[in-house]
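Two complexes, one shared chain (chain A), two partners (chain B, chain C).
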Partner chain A sequence: MTLLGLPYNTLVVAVGVAAVGFAAGVVGSLCVLRKRSLVGDAAAHATLVGVAGAFLATGRRDLATLLVGALSAAIAGLAALLLVRRFTRTRDDAATAIVIGVSFGLGITLVSGLPAWGYANSAGLEQFLLGHTAALTAADAMLLTGVACFATVVVTLLFKETTLVAFDAAFAAATGWPVLLIDAVIVGLVAVMVVAGLPAVGAVLVTALVVIPPVAARAWTDRMSTMLLLAGTMGLVAAVVGVLVSAAWPRLATGPLVVLAAAAIFGISFIAAPKRGWIARRLRDAARNA
Partner chain B sequence: MLIDSPQIGRLFRLARRAIACLVAALPTMGCSGPSGDAPAARPFEAAAGPRVLATTTVVADLVRQVGGDRVTVSCLMAAGIDPHSYKPTPRDADRLSAADLVVASGLHLEGRLAAILERLGRTKPFVAVADQLPADRLIAVGGGLHDPHVWFDPQLWMLCAPVVAEALAKVDPAAADDYRSRAREYAGRLAALDERLRGEIESIPADHRVLVTAHDAFRYFGRAYAVEVVGVQGTSTESEAGLGDINRLVDLVVTRGIPAVFVETSVSDRNVAALQEGARARGHEVALGGRLYSDSLGGPGSGAETLEATLAANVAAIVAGLKGEAPR
Partner chain C sequence: MSRAAADPGQDGPRAGGPPLVDFHDVTVAYGGRPVIWNVDLEIDAACLFGIIGPNGAGKSTLLKAALGLVPMVGGSVHFFGKPLREVRPRVGYVPQRETVDWDFPVNVMDVVLMGTYGRLGWFRRPGARERQLARDSLDRVGLADLAGRQIGRLSGGQQQRVFLARALAQQADVYLLDEPMAGVDMRSQEQIFRVLAELKAEGRLVIVVHHDLRTAAEWFDRVALVDMRLVASGPTAAVLTPENLQRTYAGHIDVLEELGRAVATRGRTP
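So, the complex of A and B:
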């Protein structure tokens, strides 16, 4: 089975990563507008604890088991983040840094301790940090596509609520919207996308997919709906470009290339975007000085 | 000033000895080989011979074969651990300094441990066995480095036996002749094993002698037995495979009609699953051959606790897989 003359594995990986790229861009937009870009990073670092914990609890290491563990840990990590912020008067960035550091430390302790505690077949759990993009199977790709569709649908259904909170939480609260609940939905969706992105690009790089496309998209538009769609599309394009480049040459890891492709889109956006782009600004300055 | 006083110095030495006894008496996980086991049950005083700390199970086996019952061998990395990415703990440093002799595999197999070992080598008897092998028999991997997985060629690994014998003789001169004769005897056993394995490999159809595994630990094996070896990952397990590498392998497996690919005990097998699926999509069913032992011997009770048993188990799995008899 080949489509567009692409080898089977390329096709499978492209579909899976593109789905994650799109949904991460959409969900990430809400997060970036809410000025909580690093929530994804906190979730990503917490997942390692979940991966090790799931392996400890079940002794199994198939993708579904590990992802359930990762999701539970990501949600627990984000809950901890909200609690630290709420009860210790710690600032947002400091609370995020605490969760990132602590969960990563705990995760590494568990993963490196497993072999010494007699779990000999734990080799490769650490690879969740890097992801194994190239090794995605059709079942993995289907799972990722399903999760991506779910996240996109939720954002579409709750578009008005999430947009309001993302732009102006104070106003939303004053007019009686359940801000905390809507925030929890946004953060929960980020956790879901980060976990879905684990096998696709790895825990370290998935943060980039949640943040870079939204920021790049923001340069092109002031409309919320356009931004979400654009960010999703950019994530998707980055995924496909990264996958194709990695397939074309030997010894090029796929996950990092996806993120580099996203970074390239980011760079182009900030040079060429109308109004906010570097060229547009230079032209405006020149016009003003003339 | 206080530290300099002789009493304090003696106290320190005493404490160090006490810790050393404790460490030697600790049960050593995954390292209870067929000979020289149960060091836990034996009080330290009773062990007349030297206490040797080996880095990997493969090296621990070599020291046991050469040292015999006289030597107490413990092993830093348990069975199933990937030495390339092993991170040393402070306790490891204590175990290292408590041993009379430290034996490593060498050729950068130990990754991050190498720096600690190098420093240690200046202060106590230390030998990295594969580092002593003649360079022209090693496989270069670029950058002046060599592939460290030398134990998969028995003809090469047997050269390490006298290296261990001499190192043991230096710390325990009383039994020097014993060590040397055991090393000679072990080298002879490896030569006989090599002969037997060669015969088994030759029963595989010539165009199917291709070994596809998760990471290429088997280049010495391939060179010794004329088997083409293709790995998804690089020599080290630290890098992620690219999509291009997987596509290339699917191509190879389908066009050559390779009946089986293999996974290793100490490496994640996700790449191999993707490879199987890619081949299936092109109408070629690739079986999963048995698990191969690569960077570590089998754990206790696996039936592959020695290198000889491990090599035999690997070859049995490879022969069954490549002749299309792999259990599915």
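So, the complex of A and C:
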């Protein structure tokens, strides 16, 4: 069965990655509005250690196993971030840079060292670096779709609570809300979506899928709910473009294509959005000076 | 002056039961450096209560400690004789305006509705009742016609009134306000003050952290002078004496100027 001349498997994978792109945009919006944009980056760079670790521990290389490893490592990376900040009194940005560098270095060493250490069937793990969807199966796509649906449902259920904490954490705490717990939900969902984005976009670039669509969506709307929907849609479009282009030219990694598509959407938003866009602002200035 | 309880009021009704708010030996430290030392303060009648002191005196910290936003090294704060967690819906809060990002994608109505979230609890969304309450609150601060506006497109005074409306939607009995008059135009100041006076008339206690001595004397029934420690507290006219102000502002560059203004203002008000 084919559609648009594409094989069935490519279509199923495109649907799975599209769902991930949507959920990443939705979850990323909360993260960006809570001013935690770099949290996803720290989590993403830590995932490689988990991918290699899961393979070493189980000898298996199916997607579910590797992603469970990646999620554990992402959470460990975030915990390391908190510990470095707490016990070394390092500032936020510096602590993030340290965790990104160290965990990524360790991850690259493990992934690139495995074949040399005699793990012949480890080939393919390096695809988690830049993302490659050609190797994904229909079952993998179902798994990714399930994770994306889960994250979207959690955000829908906790929309009121997460918005409150993102806007005014002090007021939320003063009125009895457990801010730490709600923050942990936001950061946890970001970690989950970073991991779900890993096969398609890769550890280096997946954070772009969490940050770029929300920032682009913000240009078009002043409403929180609209922003989440729009960011989701933009993430979905970018993901599908990446998958389809790399299906047509298999030598191209998917991740960079997804990010370039997201960047194009961002560029258009920045220039053409009503009210907040560059053209609209120039027109307003001109009208004021006239 | 160890125990400086506000003496029983000539103004406002007496509660009869436990004090509305009881700061007991409150001590707060940031990174090992104390910013509030052994503050002991009881407020037992509905009134407009000002917490006055120089910059860096720990006024906001005292408020945040009462709300559990910063940990206390020692001491306790009780509302209506109970710890905060048992009476949270009865305590309203207006944080400083600069603490939030006003470019956030919400409108005026959204922010005011946040005042109803505490009573709503997990998962429940605001309904018709909450929307009506938010509209009434906006009406009281004179912003009924701006309900749909994005909060970044408001003046500073309007933003402060949105925060006040959000607190009104909490329907509390004690209100804590952190510098509500800072960077606010005259029209908004008067409107805010009028609403605070209404709250007092309804039998609620309104505690305001305030740094402007000129207006303090005319607005507040009672004040506490704070400079890390509690310097004095009680009816405004009795507390804002040159000696007390000298003790509170000693070592601060602006002391003479502030003193002069305060004493001049006090002379004009009954």
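Keep in mind that, in the parts below, the second predicted complex is superposed on the first by the 266 of 290 C-alpha atoms of A that agree within 3 Å, B and C clash if a C-alpha of one lies under 4 Å from a C-alpha of the other, contacts with A are read in each partner's own complex, and residues count from 1 in each chain.
We take it that a contact is a pair of C-beta atoms (placed from the backbone, for glycine too) under 8 Å apart; a residue touches a chain by one contact, two chains touch by 3 or more.
These numbers come from a predicted model, not from an experiment.
In the superposed model, A:K160 makes contact with chain C only, not with chain B. Of the two partner chains placed around the shared chain by superposition, chain B is the only one that A:A138 touches, whereas chain C remains out of contact.
In the superposed model, A:M224 lies in contact with chain C only, and not with chain B. In the superposition on chain A, A:L252 makes contact with chain B only, not with chain C. Between chain B and chain C, the partner in contact with more residues of chain A is B. By the document's definition of touching, of the two partners only chain C reaches A:T175; chain B does not. Contact with chain C, but none with chain B, is seen for A:L33 once the two complexes are overlaid on the shared chain. Residue ranges of chain A in contact with chain B, taken from their complex: 1, 7-10, 12-13, 112, 115-116, 118, 120-121, 123-124, 126-127, 130-138, 202, 243, 246-255. Across the complex, chain A meets chain C through its residues 33, 35, 157-158, 160-161, 163-164, 166-168, 170-171, 173-177, 218, 221-224, 226-227. For chain C in complex with chain A, the residues that touch the partner chain are 64, 67-69, 85, 88, 91, 93, 95, 99-101, 104-107, 110-111, 114, 117-118, 120, 122-123, 125-126, 150, 166, 170.
Those residues of chain B that touch chain A in the complex are listed here as 29-30, 77-82, 85, 87, 89, 234, 237, 239-248, 250-251, 265-271, 273-274, 277-278, 281-282, 299.
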